[in-house]
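Next come two complexes, and both contain chain A; in the first it sits with chain B, in the second with chain C.
Let's look at the complex of A and B:
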């Protein structure tokens, strides 16, 4: 059957050194494109934030990059400074006349090189600097504007751009074909039936008028499908009417990280349209931090309209099912000490803080908070597209030391993380820093704790 | 070539994936498994997974779905994660000499 989605895989990205070579000898037209896009992307909000930094330095002690490496380029204030210089150049003729006095700097090849190294390579857009800024400067929004200027000029690191291109061109960020998606769901339905011991259990596809449409991370069908079985087991036990979509199933939106509002809008539009097509009452987002921030909070801005239905995290839905007594849990099934990681885009930037804690209180024998946690959590290090940008992987793993130290201090054997991207980074730092931990999503933990029926 | 000799010629990217996937050989897999994944000896089941992933990659230019991997090798789903502790992407695909897949991995 045809879904209208092109099934050809996205073209392979150029070799990394080609990107570096390109940055070293940028054509004037490319620089001009980046400069024009930067000027167009700046709004009044950006301008207020760019003018507000009082250079107090509090952000430096809040950033995981700056805490592991004192290189001044890691300071959020420096990241703001790099964007502010170009802003002064674009916004004031006076500044252009006297750049030495005013600190104005044109968007040129040199500044673009610095933006790539600093704004792509030293920032996970986690927003902890903003949370600790005395004047509340929205650093991730400024970083996104500058990244967006580079996106317009085709200068996003190719490993990140290829993830955006895969989503735009194939409908999901791993280029999973329609047949592979449907085949995987049908195959997993057998797994689910064995898991719950009920031959009527289903993974419904394209069922209209359901309570919610469930969308998930493509890495689940591709590599980690047991989390789909886990969600299916929870929904089956609770007796909810839910559905997956045959076409657009991807909760992620890497346009948020490349900074391209066009790509972000194209991707966000599909989930709104699919929810409407299936007449689902709600759009429920699988465990994905940035997917929550993008689809819940930013999509209305990108699309210029409210969706007209509720957009929720699956964590919130599962907490409701437990509270309402629709699933029965046996915490003794998970005796090991658990700690909880707070994905920045779900928690600090997303506002979902309590439900995951309610779930742990009912699903596991014992759990402890990290210090700090909640709104003041530290990023795992994998956000902002860092996980996909191989060229900055060393810095990502070094910056992950802050989270590794936090986890070690809890003594926990299991880390619960309501975000697949965080799960991957946490698994990597578990290996890098020999933490001896198992990393699980909330749905996987809840499914493990479901009371077995005879 | 001895494992030491293979190891000394390998060019890896920042995440331990082969910089030049076309240069993969079974000896490279043995070295990657030990040095990157802590797998001392690759058994028959490891090789079944590695050979399938490698053949799929050479034909399609990308990693196979885990469903295809299970159905074509007879390995059970949960078994894959025991065989390759870093998982299918950063474990099995890396040892099979694939570039890192796109997305949240």
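Let's look at the complex of A and C:
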């Protein structure tokens, strides 16, 4: 059966040093493309925020990068400054007349180099600076605009760009082939039946008119297949009508992080079309912070239309199933102390804050909040495409020290993280800082706590 | 009305007009339609942004930097006092001595706070890195204006105050002082986003 997914593997990214060499000798046409794209990408909100910033620098102590390294370039204020310089040049004749006085600066090769180092390499776009800014400057949106200009000029760090390309070219960011996806689901269906002790349990594919289409992070079929079994066990036990899609199953959208609205829209369009094709009542997004922000909040902007169906996080759905008594949990099955990580794009930027707490209150014996938590929780350090940009991995792990300190202070042995990107970063910082923790998604915890029926 | 007062009024009119034009230009840029079904109301977010969200407990920029926060409050209280004194003068209202002294004290404190913030900008490596001459000039002009306003309240010599009002009014739309308008727009957008995304309902108790 043809799925419509082009099976051509994603092009290999150029070697990192080729990227560095390219940055060091940018062609004038490339610079001009970036400059034109930057001007075109600036919206009302960008302009308002850039003109409202008072350059006070008080955001510095709210950024995990700046907290571990006092280099001024780590401050969100510096990141805004780099974008504001180009904005003044683009938007104000006065600033262009007196650039030295006003701090206007054209998008040139030097500024592009700084944008790459600072806006790609020192920011996870978590928005904690925005939450704590005197004014409320939307720093991630400004960073994304500048990243978008670099994307238009083909200057996104190749590791991140290859992730975007993989999604655009193959339908998912890990280039999982159709046969591998279907084969994995068939194998996992056997695992699910063994897990729930019911030969009728299914991981349905392409079933029309279901209550919801469930999309997930490609890391799950690739590295964490039991996470799919966990979700399947919950849905089976609750008796919901759900389905996976045979073709487009990827909840992620790295266009959000590369800054390319075109790539982001292309990726988002597929989930909207797939949900419509299957006539699912809802699109339920697997545990992925940025996937939630992208598909719930930004996709309608990228696509310029309302989806016409409800878009929800699986965390919200599972909390409903527990609240409605459709699944029964035995918290004694998880006796160890659990703490909760708040993925920035699900919580601070997404508004899904209570359901995961309701779940923990019912699924585990004891759990404790981090300090701070919820809206004010710190980023794990893996967002903003940082996990894919291996060239900045050392900075990412160092910035993760803030999260490591938070986790250590709770004394928890299990960290619940409703985001697979966060799971990866938390697992890495768990090793880096010898935290001795186990990191689990909400679905994995709930599946562990499910009461087995005879 | 003296010639100086007339020029002052004209400068203020220029300032208001130019600031309005700047805000209009920014507002007329393309803006993607927020097509996602809201999880809350924009109004709830705006109320938060201009209400509880302004409290020091709501943001680390205030709670982590109490001295700078207080200096900022005093600075802007001084600016409001200066504005009130200017309006009163141009309207020909005779201020009772106690009120004049109060405004003068607020402007004196405001100018002092402004100088503290200016010194911070001059000495902090990050602020040096992100500051243009406009940042220093904007601060210095406002400080001088506040000092001249205080002088006017204490000595009744308004000429320096009016001259510096002209300087301030002419310069305000051209540099960082534009934030006097854009702050409110940005804060409104910030609140709108928080409200629509349903974040506002969960904002209390996120620290421990």
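Here is the rule we go by: the second predicted complex is superposed on the first by the 454 of 454 C-alpha atoms of A that agree within 3 Å, B and C clash if a C-alpha of one lies under 4 Å from a C-alpha of the other, contacts with A are read in each partner's own complex, and residues count from 1 in each chain.
One rule holds for everything that comes next: contacts are C-beta pairs under 8 Å (C-beta built on N, C-alpha and C of every residue); 3 or more make two chains touch, one makes a residue touch a chain.
In this text the structure is predicted, and so the values were computed from the model without any measurement.
Touching A:173 in the superposition: chain B (first), chain C (second), both, neither?
A:173 contacts chain B only, not chain C.
For A:221 in the superposed arrangement: first (chain B), second (chain C), both or neither?
Only chain B; A:221 stays clear of chain C.
Quick check on the superposed pair: does A:159 touch chain B, chain C, both, or neither? Answer first, second, both or neither.
First partner only.
Should A:262 be classified as contacting the first partner (chain B), the second (chain C), both, or neither?
After superposing on A, A:262 lies clear of both chain B and chain C.
Could you figure out whether chain B or chain C reaches more residues of chain A?
C
Taking the superposition on A as described, I'd like to know which of chain B and chain C A:191 touches: first, second, both or neither.
first
Touch check for A:27: first (chain B), second (chain C), both, or neither?
A:27 sits against neither chain B nor chain C.
With both complexes superposed on chain A, which partner does A:297 reach: first (chain B), second (chain C), both or neither?
In the superposed model, A:297 contacts chain C only, not chain B.
What residues on chain C touch chain A, complex-wise?
Residues 22, 25-37, 39-40, 49, 53, 59-62, 64-65, 68, 72, 124-127, 129-135, 137, 174-176, 178-179, 182-183, 185-187, 189-191, 193, 197-199, 202-203, 205-208 of chain C touch chain A in their complex.
Any idea which chain B residues touch chain A in the complex?
Those residues of chain B that touch chain A are 13-15, 17, 60-63, 65-68, 71, 77-78, 86-90, 100-105.
What residues on chain A touch chain B, complex-wise?
Chain A reaches chain B through residues 9-10, 12, 16, 159, 162-163, 166, 173-176, 180, 183-184, 187-188, 191, 217-219, 221-226, 252, 288, 387-388, 390-394, 420-421, 424, 427-428, 431.
Tell me, which parts of chain A touch chain C in their complex?
So the residues of chain A touching chain C come out as 42-49, 51-62, 72, 75, 77-78, 80-81, 91, 94, 100-103, 130-138, 296-306, 310-311, 348-351, 353-354, 369, 371-377.
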